[in-house]
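Have a look at this one.
Just so it is clear, A, B and C label the chains in written order, and each chain counts residues from 1 on its own.
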Amino acid sequence: MPLIRIRNLHHEYRNEDGTSLRALKGINLEIREGEHVCLVGANGSGKSTLLLHLNALLLPTEGDVEISGWSTRDESSLVKIRSTVGMVFQSPDTQIIASVVEEEVAFGPENIGVPEHKLEQRVDEALQEVGLLELRNRPSRLLSAGQKQLLAIASTLSMKPRCIALDEATSMLDPASRRRFLERVENLNREGMTIISATHNMDEAALARRMIVLSGGKVIADSSPLEIFSRKDLLREARLGLPSSLKLAHKVGERLPRFRSSALSVDVLAEEIDQYLLRKDWIGS
Amino acid sequence: MNPPLTPIVEVRKLSHSYLVGTELRVDSLREVDFAVSPGETVGLIGPAGSGKSTLLHHLNGLIRPLSGEVRVLGVSISQSSMRMPMVRTRIGLLFQNPENQLFEQFVGDDVAFGPRNMGLSPEEVRRRVRTAMELVGLPFSHKDRQITTLSLGEKRRAALAGVLALEPELLVLDEPTASLDPEGRKRLLRTLGEWRSVEGRALVIASHNMDDIVEMADRVYVLIKGSVVLSGTTRDVFTRADFLLGNGLGVPAATALMHDLSNRGYGVSLNALSDLEAAKEIGRLLRG
Amino acid sequence: MRSVTWRLRRRLGGCCVAERSEFEFFAKLSIGQYIPTGSVVHRLDPRVKLILGLFLVIAAIMISSIVSALILTVAVILGLRLARVQLRLAFAPLKIMIIFLFILALIQLLTIPQLKTDATVVFQRGVLKITDRSIVSAILLMVRFVVIVLGLSLFSFSTSSSEVIHGIEHLLRPLQRIGFPAHELTLAAHISLHFFPILVGEAEQLMMAQAARGADFGYRKWNFLRKLRKMLPLLVPLFIVSLKHAQNMTRAMESRCYSGGAGRTHYVRLHAQPADYLGLFLGCGVISSAMVVNLLHVDGTVWGLLRELVM
């Protein structure tokens, strides 16, 4: 059974003046445990709306969302669903509730009634996982933006989820913090956590193993990043760019005969160029 | 020989601290030297908390210098005889996430806020609003749209129009492309390029996005913990890849690639900012 | 089985950076600012401090003897010294309020004789009358004010907002059994406290953004009304931003299964130690003695003694 199953999901936002906005128009998706999926699309394509359905913060106007077999429409399953899928939002400041780091991490388990003698263990493990253990007594407002986002992850980890959904969680971070954040996320995925992240940073998207492209509320592609990056018309329709390594690889390919690269990061590209030069692949052209 | 142009803004040994006199004092700027001359685009980079925003807020007098000097068009603004609102119409400042600062109900009114504050005639205000809106890609007819109906990209453009309507000589932008999708970013940079093509204008951009800086800036200042640790032409600064990477900053992908290849023992020059330059440099290796 | 107590936290050398307001104006005001100095007062159980604080305020309001008021003042100042707080910082808000204080005292001085005619007149010029009673009233007013402000300062310098919230919640928890929403209220208070600096920062950003487009906020002190009017355009975007923050917060809370106080367990548990009981006992003792002195009406005697010493 897939961890997440979405069938014919439609979502309509209704405004007070009677107008409505159809943000999702019939999404069908299945996500299995352990996958690392990235959700891409221009602003307004429906990425955030889709993510909010994953832990029942939004309910479908039409269609079904099932997490581990439980439907999000079922009120009695809400706690189970929200303990299974944790959400990390974009803004570092407004998703933090407690004024002390460890209390923030404890908030979730407290809500679901985890017995008091287990609370501390949960907090410790979660903080350890994101590397914030020494900062446990720090006032949460004094953390840097990058640390706050790591804290947000820890706050979901303490509920022992099976999946973490990230809604543009790095867009407000500077490059160094973004790198550290993404490393942690990669680690978590390697340990078996399912990761779904919405982003419009193509370098970040290239790290995932599966890419789902949204445009105008519909899924227009669901494949590997490499496959999608090779489809120019698709990229144009969805208003997406390429990761910087592929742009570089393309330009380098114009100068190096018989050089072909599909490197999704600069280090891999460097390695491929290195190999090309060592093997003198251009000889014979 | 052309005489050197008077910088539009010149900063000398500027220092600033928050919460002076309490135990919680934080030194946000330490003896910073900075200047922008007409016709230039200057980039400002640095890790989070390095003082970029603080420096930018000094450029149009929002913060008075505690120590050191800020000169606007040759006149020091430490003298309180300088009327600040007037300074601010020569130097336009666009803050981070400016879409949060739109406060009128209709787009046109918000863009007109600046010109109205300048006491201009209604016809002049209207002309400026139209010019500014069209420059950012918002048709003048959108002036009667409610701001709440705008998308993020449109709101940001409206905020930029509000500053452009002041017709400043210097435009200062704090993280202008943050949170924008690639298309929005391209459009914004194109608008800025058009704006600065008029003679006498200058641009200052603070950004985490190294591609913004590489594409737009002639010179760059690197700010770390309140001090300018490196400055020079864009090329000079970004080819110091080791230094930048070691201090938690990014470099363009092309430079990073050269850096990686150099570490692997290839005799490549690190002087590559664009993809094309990198490709050419690597191409040279074949003949070497 | 380790439970998290405040003592343990501090021994681990926990937070060593004071909470910092992004908005300098409020920092200068320095009420409501936590300055960790690790003193005995800091280490007291917040419930003790809450109870003593409340008792102090009640006492300050109820007493009518200058001697009692002075006892309370000395007690609070001693408390500030124990807490290793610089007196300069504690008195700073008073400096700002001093004119206000004098005006109030002056009003007391001049109006009480009009209302209570059974006191000895000390000074009279035309309609203006000052009686001994009004002098006492005026002085009491000022000293009361000083006690309360210093007491609040002592409390907030030595207790982090997190401790305050936990203290209040623990004290109110017995009421939860009779249906009083103790947790929800304290969480609401907590979030407001937490949000306040964020919103102040946003307001400051908004003001700066408008100033950057030529709005003249002017810093001339007496132009208060004009300044107020200039701030009106800030209200709408501030409101919108607050709503957005509130929405984000609600989502974050819901996504972690918050559904009110029922059924929640608690990570932070306060355990009163002997030192806390001692502190409570001593504090109550001092305040009670001030109230006893109040009942004994010693003012007259003390005044008489002082006059003899001076003559």
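Annotations
The criterion applied here is as follows: a contact is a pair of C-beta atoms (placed from the backbone, for glycine too) under 8 Å apart; a residue touches a chain by one contact, two chains touch by 3 or more.
Predicted model only: the values in this text are computed from it and were never measured.
Taken as a contact graph, the chains are fully connected, with every chain touching every other chain.
Distance from the centre of chain A peaks at C, each centre being the average of the chain's Cα atoms.
Should one ask which of B-C and A-C has more C-beta pairs in contact, the pair is A-C. Look at where the CA atoms of chain A average out and do the same for chain B: the two points lie 30 Å apart.
One inter-chain figure worth recording: chain A and chain C are separated by 44 Å, centre to centre, where each centre is the mean of the chain's CA atoms.
For chain C, the set of residues that touch two or more other chains comprises 20. Listed for chain B are no residues, as none touches two or more other chains. Across the complex, chain C is touched by residues 52, 55, 57, 78-79, 82-83, 86-87, 89, 91, 93-100, 102-103, 106-117, 119-120, 123, 136-139, 141-142, 155-156, 159 of chain A.
Chain B contributes residues 18-19, 22-24, 26, 57, 60, 62, 84-85, 88-89, 92-93, 95, 98, 100-104, 113-114, 117-118, 162-163, 166 to its touches with chain C in the complex.
Chain B meets chain A in the complex at residues 47-49, 151-153, 178-184, 208, 210-211, 248-250, 252-254, 256-257, 260-261, 264, 266, 275-276, 278-280, 282-283, 285-286.
On chain C, the positions that touch chain A within their shared complex are 1-4, 9, 12, 14-15, 17, 19-20, 160-162, 165, 190-191, 193-194, 197-198, 244-245, 248-249, 251-259, 263-269.
Per the touch definition, chain C reaches chain B in the complex via residues 18, 20, 24, 27-28, 30, 35, 89, 202, 205-206, 208-216, 233-234, 236-237, 241.
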